[in-house]
Each structure stands twice: as C-alpha cells, then as structure tokens.
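The same chain A turns up in both complexes below, where it pairs with chain B and then with chain C.
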Partner chain A sequence: MKKLLAMILCIALCMSTVVGCGSTSGEGNAAADTTNQPAESAGTDEDAEEQTTAQGGMDAVAELDMSKTVKIGVLVSDSTTAESLAFQNYYKEYIAKNYNVELMYSDELVDAAGEKSAIDTFITNNCKAVISFSSFDRMAQLNQCADAGVYYAVATGTLTNDEYESVKTNEYYVGAIGPSLDVEFQAGYDMAKHYLDQGKKNFAIFGGALPYYTEMHIYRAAGMLMAMVEAGGEGANYQGATDKDGIVGKIFETATIETGSIGSINILGYVGGYDMDEAWFAKCGQMAQMDGLEVILAVGNGSDFFGTSAQGTDVKIASVDAYASAYGEAMEAGMLDYLAGKFSASIGPIFAATYRAALGSPIRNSEGNALALDQGYWVATSSEQFNEYYAVDSSVESPAYTKDMLDTLLTADYAAFSEFVGKYSFDDIKAIQ
Partner chain B sequence: MKSSKGMITKIFGIGTIPVATLVIMLALCASKGVVMFETQGNWIAFFRAVTSVMLTTFALSINLNSGRFDFSIGSISMISSIVASQICISMGFTTPVMLLISLVSGIFFGTLSGLIYIIVKLPPIIVSLGVTLFYEGFAFAITDGYGVSFVANTELTSFPSVLNYSIIILAGLAVIIFLFDYTKFGYNYKALLSGQKVSVNTGIKEVPNAVGCYAVAGGLMGVVGFISATNTGNIQMALNFGSIGVMFTAFLPMFIGGFIGRFCNERIGYVLGAVTTALISLMYARLNVDSSIQQITTALILVGFLIYLNNEGKLKKLIKG
Partner chain C sequence: MSKEKIKKQIMNLAPVVGLLLLYGVFMIMGTVKDINIAYGMKAIINQSIVVAVVATGAIFIYTLGSFDISLGASVATSALLGGIVYNATGSLLCMFLANIGVAVFISLFNSILASVFNLPVFVTTIAMLSVLNALVLVLIKVNGTGSEIAVPAEAVKALDTTGFKVLILVLFLVLCIFVFNFTKIGRMQKMLGGNEICARLTGISGKKMAIIGFAMAGIGVGLGAFVSTIYAPTLTKNTASSVGMDVIIAIVFGGMPVSGGARSKITAAVIGAFSMTFLGQIMTLMNFNSGIGQMVKAVIFILVVFVATFNQRSKMLPR
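Right, the complex of A and B next:
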C-alpha cells in the first residue's frame, strides 16, 4: 500500500511539471510578446497602403478547402500577464471552437534554445504553421520553420526593417501584425499628453522592463518624454534631446529615466524593473506618495504596483496593458485613470493570414512580400468606457473580431486585408460589425 | 568581573552587525542628502521588510538546519495567500480572518509537502522542486492564470502599518521560541539535529518531527504570503520555479543570525539578521539604487560574510599577533 502510494505521488510530482509548464494541443496558453521588440518596425499601415494602392493588390483568392483539421503551433514566452491570458482566451475559447484547427502550445519559453526545441516538437507533430508570441530569436525561428516547409507568423510584434528586408520574400514567412515601435511611441505620447492637456505638471514614470532594454517600453517612455518636451515651453529638453530619436538615444544610453525638470514640467520620480523584492516595493511606495505628485505614467501595469500606495491621494495612474477585470475594478475605485490596452481579438487577423497560408493560399502584396501591418491600442479614460470595451473584449460568443469578420480575411486581397487591420479602433470595429 | 566581561562580549556580539549597518546606511543616505526614515511610509516599508524576511528566515532555517533544502516555501507563500484572499473576497471577510486563513492554509500545504517527502522518500531537494511546480501549477489553475487582485478592496489592503507588523514580529518570535525551546517537539528537533541515529535509538520519532517542521515552515510562509498580498492588493502568478526567489532573501539574514546566535538565542539572531537586511533594503529604496548594483552589493556582503566566518580563527590569530 505504501509503495503504491509512493508511486502515485511520484507520478503526480512528475505530472506537476506539465501543469507548471503550460499545456499543449489546444489547452495551452497564447501569450504576449513582451520582450526584445525590434529596433525599428518593418513597414506600417502607410507603407502597406503605398504598396497595395499603387499596385491595386492581388485578386481575391478562390474558396478554401477547410474540411481537414490544420495543426498550428503557438510559441509562448509568457503565460501569466493579463495580456497573454486574454490572447489565450481568444484563441482557445473562440478560434479553436470556430475553425477546423488544432492549436498546439509550447511551454513558457525563456530562451532561443527553448524556441528551437518547441518548433522541433511542432514539426514532429505535423504542424503546418507556427504563430510566434516569443521573440528571443525570430530569425532562427523563421529559418527553422522554412527549412521544414512550415509557415511562420509573428503575432503582436513586428520585425526590424533589416530583418523584414531579409525575409519578406521568403515563401514561408506569413508576416507580422502588431504594434510597431512607432505605435508604442505614440501610445506613450498620447498618455502623457492626456494629462498635460489637463494642466498637470508633476509626473512620475514607471519604466517596467526599460532597464532590461525592452524596446517597446523604451519607446513608450520616449513618447511620454516627447510630449513633456513639447509642453514644457521654450528650451524644454530631456537631457539635451528635443526630438524622438534623440530621446530614444538618451534612454538607451542609461537604461533609465532621469528625474528633473523638462521646462515647466517636472519628473519627480522614476522606478524601473520588476524586481518585486522589499527594496523595489519600498521604491514604488515612496514614489506614489511623493509630495506634489499628480500623475504616475506607467509603460506597463501601474495600478497593481502603485494603486494601494496612492490610496487616499489625488495621484492619477495611467497604464498600458490589456482589458482585464481587475483593471475595471481599479478604474471604478479611482485607482486607475487611463488604460491603453491591447484587445484580445487583435491576434485574429494574424491567425487568418496563417490559416489561409496553411490551406495553400498565403497572402502577399503585389511585389510578393509578406505582411507587415500595424495595430494599436484601445484607450479607456473612464470606468464606463472601460466596461464597454471589456464587455466586447472578454466575450467568447461575440468578440471584437468574429468568425464572420475573419472569414472575409481568408479570401481578401492584400489591400482589403491591410484596410481591415488598419481599422483597429473600437468604433471602427463596431462599425465593421 | 568575569561575568561583566562576558556580558560586554555578548552585547558587543549581538549588537555590532545591526548597529554598524544602521550607522553605515544612515551615513550613506546622509552623504546624498537623504533622510533614511523621513516619512511614515519609510517606517512601514522597513517594518514590512523585517517581518517578511524574519518569517522567511525562520521557515528556511527550520528545515535547512536539519539538512532538508526546501525550495517550495515561496510557492507555499503564494498558494496560501491565493486561497485566503479568494475566500475573503468571495465571503467578505476582514483582514484578521485573511491572516488566519493564510496561516492555516500555509500549515496545510506545508504538512502536505512534508508528507510527500516522507512517503516518497526521495532526497528533500528533489521533492521540494516537484512540490514547487505542483503548487505553482495549482495556483495557476485555480485563478485561471490571472492571479488575484483586490487593489480596490480597502479593507484587505488596510493591513500595512508599523503596529501591525510589530505585532506579527513579536508574535512570530514568541511562537517560534516557544515551539523550539519549550516543547517536546522542540527538544526532539534539537536532538535530531545533533545526531539523528542516536536520537532515533533513544525513541525519538523523526518522521512526525520532520512533518511538524514542514507544517511550521508552511504556516510561517502563509503569513509571509499574507503580508505580501495585503501590501499591493494583488498576487502575481509564478510558473516554472518563479516562486523560488523568495527563499534567497533569507540566506544573508540566516548567516548573520547564525553568527549573532552565538551570543543569544539563535531566533533572536535571525530577527537581528532580518533587521540588518531590512536596513540595507531601505537604503536601496531611499537612494533609488539600481537593481543590478543592489544584487552585486548584496552578493558581495554575503560572500564577504561567509569568507569571514570561514576564516574567523585565522583572523583572531592574526590580530592577537
């Protein structure tokens, strides 16, 4: 009896590694691409329009044979953020149930070696395509997929211009749809401007993964600083820099945000990283309680780290993340004032592009190049607005991008596809619905 | 005369490290024009650090001193606070109830961890790794991966205060001293530490004692989870050994506590070790020290201290000429 119990426990412990590492075959986790964003995005909506409107795009493709189940691998580097869980929910609860696909998920990847191993597993399991939310070594991922004749797509991210130029004609590269670094810069800029327009002058910045040189966070912070330079009056500058490239360069030099004045605007405090130790929480607490502070601008999740410390003060908190119920509660309680969030269905179009490639109808522009399209955020500045967005975003019956809408992408030409993706605002999508 | 000399040696041995650390940290802050304890928030941060680190050090040392390396204490902290907060949010319970549930669930998960170790009979380091993954996966599953957030719940986030943390420090210290110095369980624990084979031959049962140690460590980590959760109002998920980092915060205070323990009760040494670590943490926060520099500094202090401990005899000889 004892031996049997011991054996059962051993098996349970071994099985727990599977539980801990995520799951596969449609039960796993899609995730956000949160690290190592490319230095410059490859192509934007404007580029895409130029390419397509000039050439008129391709003709609509023929009807696709969707009778056979298509296996698609999903590379995941994060399984625990609100953003990644929202993406997971959309693929698992909507896409997998509405299309004849089997989605296989990797474990939570932590390096390029893990990506390689996961792709090997996908190939062994006869996956026809891979959608990647992991960015440790995208070129290696693509080359591995191409060598095996497997289509490869980048979700919620973009390639650098150089990377895109080198792979845009690769027949197995489907493309990338997500916020480019220009969009990230604009997200930070819009957030800061929202408060500068209200006359706020005293800010603190949470830099998230900025100290680790995560470029999307650097560009969001640079956008905030740019807005402050513009609002700071004559001679306002950030460490001598007055334009986008200069500010980005200054942040890259130090991997931090220097506190001080930008003209008439003050940066009173800065905290970066996700150390989550006692010293870090103490830093967060003291920043939220600084005398005179009016707004905390966070390049990532702000309310979870500063909300309780800012309780009872008039400090406003602005975040960039996703539409999760916790943020709704924080907004209702006045702890979160502004949210720029990715919507979960934003990964629908890249699925459609990948799926049709796997079915034998890859989408290319008139020059035969792969997709490179921008997508941005939904911005909520009130609890009512948040609830309106969240109701759509969290729905698995009628999400932002429904099957009917995605079906149009399966047979769309490049111009129509690009136009669809470009209309990502909540109002635009509701109009399409 | 001899007695007063011994007393002076004791006081010197007990107080040197924390007092010297305090003086150095105050001087460092002053050199930058910063007042170390300027606001109430600074005091709360200091006492919170002392409480968390002290309890974690107790939890780690209980099993580590017996040769059982337990990686699972961080995951027990996480899972206990998740269970407690979910129950309290859904039932509308108050903060003291959450503390109690955290403690009880910590004891439960600690006991479970100990039972697995006893039944499986694998090396404790291996078992604790499996248990860590199991608890992390379990926490992920019961929260659908989202963790728990109650930032808007002003009742549950009202706990942080100097008084509340002080009460936990005193209560925690009293309970641990009582358990390990004034009960049969504690006597058996000490006997097993000094020689397991002999102790077992004299009739001490090592299995219940080991499970008891895991249960006590679990209870302590349940309280650590409670402190962490009520500080920010949210509990972040950790997978793939992401919860292990918690235990590493306890190594420096454990070594410092071990040294101070030569001059007083070892548990008081751990408290002073936690005070020392908390002073360093607060200095990092007040001077906004970069995390990479923090890590290097902490590692250097730890290595330096270990070098001193290993060469103490030689140093004494050198000083005496």
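Right, the complex of A and C next:
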C-alpha cells in the first residue's frame, strides 16, 4: 500500500512538473515580455541614438528611472584568488551600497553546467541582467540569458573576434570591457622588455594555464617571446617564428614554451599548468634556483609559486594578476619585482553599462553593436608604487572609479563611454577624479 | 490500524512528506518574494534530473549494501567519450550509444574486478575513481582543445527541453521500478543486502546480482551523461564533478537505508534529488550565501535522515 502511495506521489510529482513546464512557456513568455519592455524602449533609444549619432552629435539618453531596485546576477568562477576577492569587494562594498541594485552571486562555478544552473536561478529570481566572471561557455550563457530576455555582460576579458561577430547585434548582449588579446600580448611584451632594457639575458617563464590553451596566457607568453626576439639580435627567432602571429602559432602547436636561446637571450626554464602537487612545486623550486637565472616572467601569479625559492637570491619575479595586499608584502620581501595588475574598480564601467541596459538604456555604437572595449593593467615596479596604487584600489570610500564617475557613464554615448574606459592608467584616472 | 502501525507509516512516508513540505515552502516563499515560479520549476527539474537518473540506477548497488564512489567520474568519462564520438560521427544516436556503452562497461568492469579479486566492490570503485579522473584529463588533452571537449550547442539544442529530460527520467524510473519491484531480481537484491549469508544459503548468487546491479547503475550513468551533455555541451575536467557526492546525498535524503536490504526503495533517488534541489532554491530565496546554505542543508539533511530511520534503528536484521 505504502509502496503504491509512494509511487503515485512520485509519478504525480513528475507529471505536475511536466504540466508546470507546459505552462512555463506561457508564463515564461509573460516574464520575458515584461523584461522585453525595457528592451523595446531600448530599441527606441537605440534608434534615437543612431539618429543622433548619424547627425554627428552626442546623444542625450533619456533620464533613467533608478527608483526601483534592479536585481543583477553575478557569475563567479573563482572566489579565493586575490583578483576575484578584490572584484567582489568593489561590487559588495561600493557598488551595492551606492546604487539601487541587488547583486546576487552564484556559488563558485566549475563547469558549464554550473553556469547554466546559476543563470536559471538568477532568472527565477527576476534578475534583469547577468554579469559574468565565468568563462566555461560564454556563448551558452549569452544564449540562455537572451532567450529569457535578460541582459548579459562579460565582466573581465573580452570575447574572441569570431565570438563577438556572432553576438554583437544581439540586443541582450551588453558587451565586454577588459584586456583584449592584444592587450594581453602587450602586457607580456612590456614585462619582458622592462628587464631586457636592464640588460637581463637569462629568463625562465611560468606559463600558467598555457598548457590548457588559455588564450590570455598564451598571448602574454607570446608577448614575452616577441620582446626577446627583438632584443636577441640579428637572426633571433622563437622556433623559427619572428612575428606575433608566428609565435602565437608556435605556442598553440605545442601548448608549451621551448627552452633554449633566442639569439643572445636565454630561456633557461619553463613550468606550465597548475598541477599543484608535490612534483609540480618541486619543479617550480628547481626552476627558481637555476644557475645563472636572472628573471622569472610569469603569465599569472609568480610570487606565490616561486617567491619562497627565489627569496634571498638576485632572481627577479614578475607577475600578472591584481592589486592585493599579499603582493605588496611580496614586493617588500623581495619576492616580487614587477606587477601588471588589474585594479578592482576596472569592473565599474561594465556595471554601469549593464545597469543602464537593465534600466532600459543599453549602450550601442553607431552600428547598433555591443560594447567591446579594451582595458589594460596598472604596472608597479616598486613597493612604493604598489602601495600608492593599492591605497586607491582597496578603498571602498573613494575607489578608482567612484559613483560620480560611473554616473557619467549612465548617460554617456558610445564615444564618451569608450574614451572614459580607454583612460585606464592610474594617472589618467587620478586626473579624471 | 494500531498506533504503532500509523507511526511506522508516517516514518516511512517522511521523505515524501519532506519533499512535499519543501515544495510547499518553495511555493510560498516564491509567491511572497514574487519570483518566476514557473521558470523556477523548470530550473529545479534541470538541476535535479542528472542526479535523479544516476541515483535511480545506483539504488541497485546500494540495495546490495554496496557503495560506488566513482559514479561522478564515470558520468564525466562517459560524457566525454560520447562527445568525442559525436564529433567524429555527427550522430546523436552514436553519442547516446557511446554514453550508455561506456558507462555500462565501466560499471561492469568494477563489479567483475571485485569478483575476480574477491574484493569489496567499494574498494574497486575507489581505484576506479582515480583511473577515471586521470582518463578524463587524458581524453581532454588528446581530443579537445586542452581544456574542453565541446559538442556543438546547435546539435543538442532540440533535445534540451524539460519534456525530453523528464521523459528520460520517467522511462528509466519505470524500468527500474519494474525490475526492482516486479521481478525476482529486486527481491534477491534486497535479500542479499539484508542478509548476505542467508541469501547465499537460499542459492542466490551474490556475484550475479552484483553484475546485474552494476549494469543497471551503468545505464543510469550513461543516461545521466547523455542528459548532462545536452544540458551543457561544453565538457571539461570538472563536468559532473559534484554528481558522485550528490547521488549519495540524494539516495539517503530520499529515505534509502545506507545498509541496503529489504527497506530499499527505488523512488528514494528521485525524491532525494528533487528534495535537495528544492532545499537549494529555498536557501537562495532566504539569501543564505553558499557557506551558510551548505551548513543549513547539512543540518536539515541529518534531521531528515534521523526522522526517516527512526523506526529502523533497533530492528536491523543481523548481517
């Protein structure tokens, strides 16, 4: 009897959920219709924008109604690194307290299915937009958001050219602001050149996620190699490649960096991946203590993996990451010499773009395309410089991008928005403040 | 009906009542908070279905009083190999068959290995977990871009509907209910789980039952891998990484005795999987962050298991 009852209840539940889904489409559409309203008005604004842009003037975006709390979902793929903690701190401690928004965070995501589930939860909770720090399947994220009439923005990094071409006219794609692959290449190039200009010749490279074909790490490494090819003298090349495309191609072929000479410059060692096991840490330690080594160039965080081994030696460590107190301590302890770091407020403009989209005023360029703007790093080469940057970066009272500055973006046209984002250096931002 | 019998009935129905209670709380809170309940129900199905399918098959293993810790890794391996097969053939049918074939093979390998070496199945699944995790990395490195194996989203989009996924669950559930409740296989498995010595003395082959149990679990894993792929066709080393643990929790949450035996219920998997997801959604509605949510879930989990097993504790059959 009880078995029968349990079975009936189980089948009833399945049937009710199917029935629920049957009505979901209707109700879901209703929900989508509601969220479509701003999009329709956005379309109107967009038309107006195109008209005014066509007239060659700055468009005046309609006054935004910020009286209602806007729910925005935030996809988080990492909640422990310095970079992600700094970003979260800026959103939680500054943005959420200064704007009429409710930011809803996902758990730490580890795969594309997790991203999809998190977006489902956001949509269920009536989020009007999603800002994504997770990149397992960005196209799927966008399509899922667009199907539900929810705006979608990439928080850091940018889409590949092919990806952007396929989604740039999607009305629910807000855009991406962050280091493009060109910026990543330049970051690696500048880092290596900094030491080549000092006459350093013996390098080791930490490839981070390069073995997993992570493009930003590949491009940073390619930038380093390009600088070495240029400084290596006549005939210098990396595995036969002498230009950017060639070097990037060589790295993609092997998913590693070959050690050896590039003209007069030597790559003495290479470690890639994030195996994080004993053998891997031993390899890191050995590389940091190689005879003759002068500089370790890391495409990501270098001081955590090589700092202890290199401490007390003359080996310099250069990293790409974010501004966090740990790096300040590493610099003071001589475990880090160069930091190209993202500043936490760098995610302010994409918030502004997403917020205004959710309020019914998405920003598009004159061709109706979504944002695709480059933003680079702040580079600190001394402890003093780091501390100056970090004081601004970690402030929740007066961060790099304050509310007053971000407010200007809520009504800016594409050109003004682009100009604002383009001035990302510390000095530029201080000048704007 | 005696007081004792009523109490027993209530206790036995505790997981179902718990699920209905969670459903009610979700509906009430959802209405109060004005969420999109219809979309939420769809999300709950999407989030539950893989665990429900895999756990339903795994009930056959748990009924024997056994335990498979490699189910999540098995789902990942099966999904990745299915993805590779799709990319090579362009056929969803081939992918489906690969999912099922690989999962059943892994599952049978586990049970046969245990039979050959006369080891507890649990031990072989621990070894298999390591092997499969390594295999996942190798497959991705050799056949993917280094970080993923992707089936084109357009290829699976037509199947990525709630109706299709529920259909898979219902069909598999009906099959399992039939085998478990209406054939002698289910009865023999329950007897083996309840008292192995007694079962052997009556002529029931433990090895044969283990192979059948693992084969059924393999079908569940294969279906889970297929559903996983159509839901999120970009497969990485972390695909289904939480499924293994979720299956264990779902089975216990659904009122299945961990020791297996006569009180095993095939429906426990579905009840548990949906209960867990409802609980997760309720935590979200209550604005609990991940850490607090996990702790609250853990407390509720222990309470549910306590209530569900209250009338069983002093009546355990001798093992």
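Observations, loosely collected:
Heads up, the rule we're going with is that the second predicted complex is superposed on the first by the 375 of 433 C-alpha atoms of A that agree within 3 Å, B and C clash if a C-alpha of one lies under 4 Å from a C-alpha of the other, contacts with A are read in each partner's own complex, and residues count from 1 in each chain.
Following the convention adopted for this analysis, contacts are C-beta pairs under 8 Å (C-beta built on N, C-alpha and C of every residue); 3 or more make two chains touch, one makes a residue touch a chain.
These numbers come from a predicted model, not from an experiment.
In the superposition on chain A, contact of A:P211 is made with both chain B and chain C. Of the two partner chains placed by the overlay, only chain C lies in contact with A:D120; chain B stays clear of it.
In the superposed pair of complexes, A:F136 makes contact with chain C only, with no contact to chain B.
Judged by the touch definition given at the top, the superposed model places A:E108 against both chain B and chain C. Judged by the touch definition given at the top, the superposed model places A:A146 against neither chain B nor chain C. Applying the stated contact rule after C-alpha superposition, one finds that A:L64 touches neither chain B nor chain C. Contacts of A:F305 after superposition: chain B is touched, whereas chain C is not reached.
Contacts of A:W280 after superposition on the shared chain: chain B is touched, whereas chain C is not.
Comparing the two complexes, residues 2, 5-6, 9-10, 13-14, 17, 20-21, 107-108, 110, 211 of chain A contact chain B in one case and chain C in the other. Contact residues of chain A toward chain C in the complex are 2-3, 5-7, 9-11, 13-14, 17-18, 20-21, 23-24, 26-28, 31, 105, 107-108, 110-113, 115-117, 120-121, 123-126, 136-137, 139-140, 143, 148, 209, 211-214, 255.
Within the complex formed with chain B, the residues of chain A that make contact are 2, 5-6, 9-10, 12-14, 16-17, 19-22, 29, 79-80, 82, 85, 88, 107-108, 110, 211, 256, 270-271, 273, 275-283, 285-286, 289, 303-305, 307-309, 311, 324-326, 329-330, 332-333, 335. Here chain B touches chain A in the complex through residues 39, 41-42, 44-45, 48-49, 52-53, 116, 119-122, 127, 130-131, 133-134, 136-138, 140-141, 144-147, 149, 151-152, 154, 157, 160, 231-234, 236-240, 245, 249, 278, 281-282, 284-286, 288-292, 294, going by the rule given at the top. On chain C, the positions that touch chain A within their shared complex are 9, 12-13, 16, 19-20, 23, 33-47, 50, 145-148, 150, 153, 162-163, 166, 169-170, 173, 177, 181, 228, 231-236, 238-242, 265, 267, 270-271, 274, 281, 284-285, 289-290.
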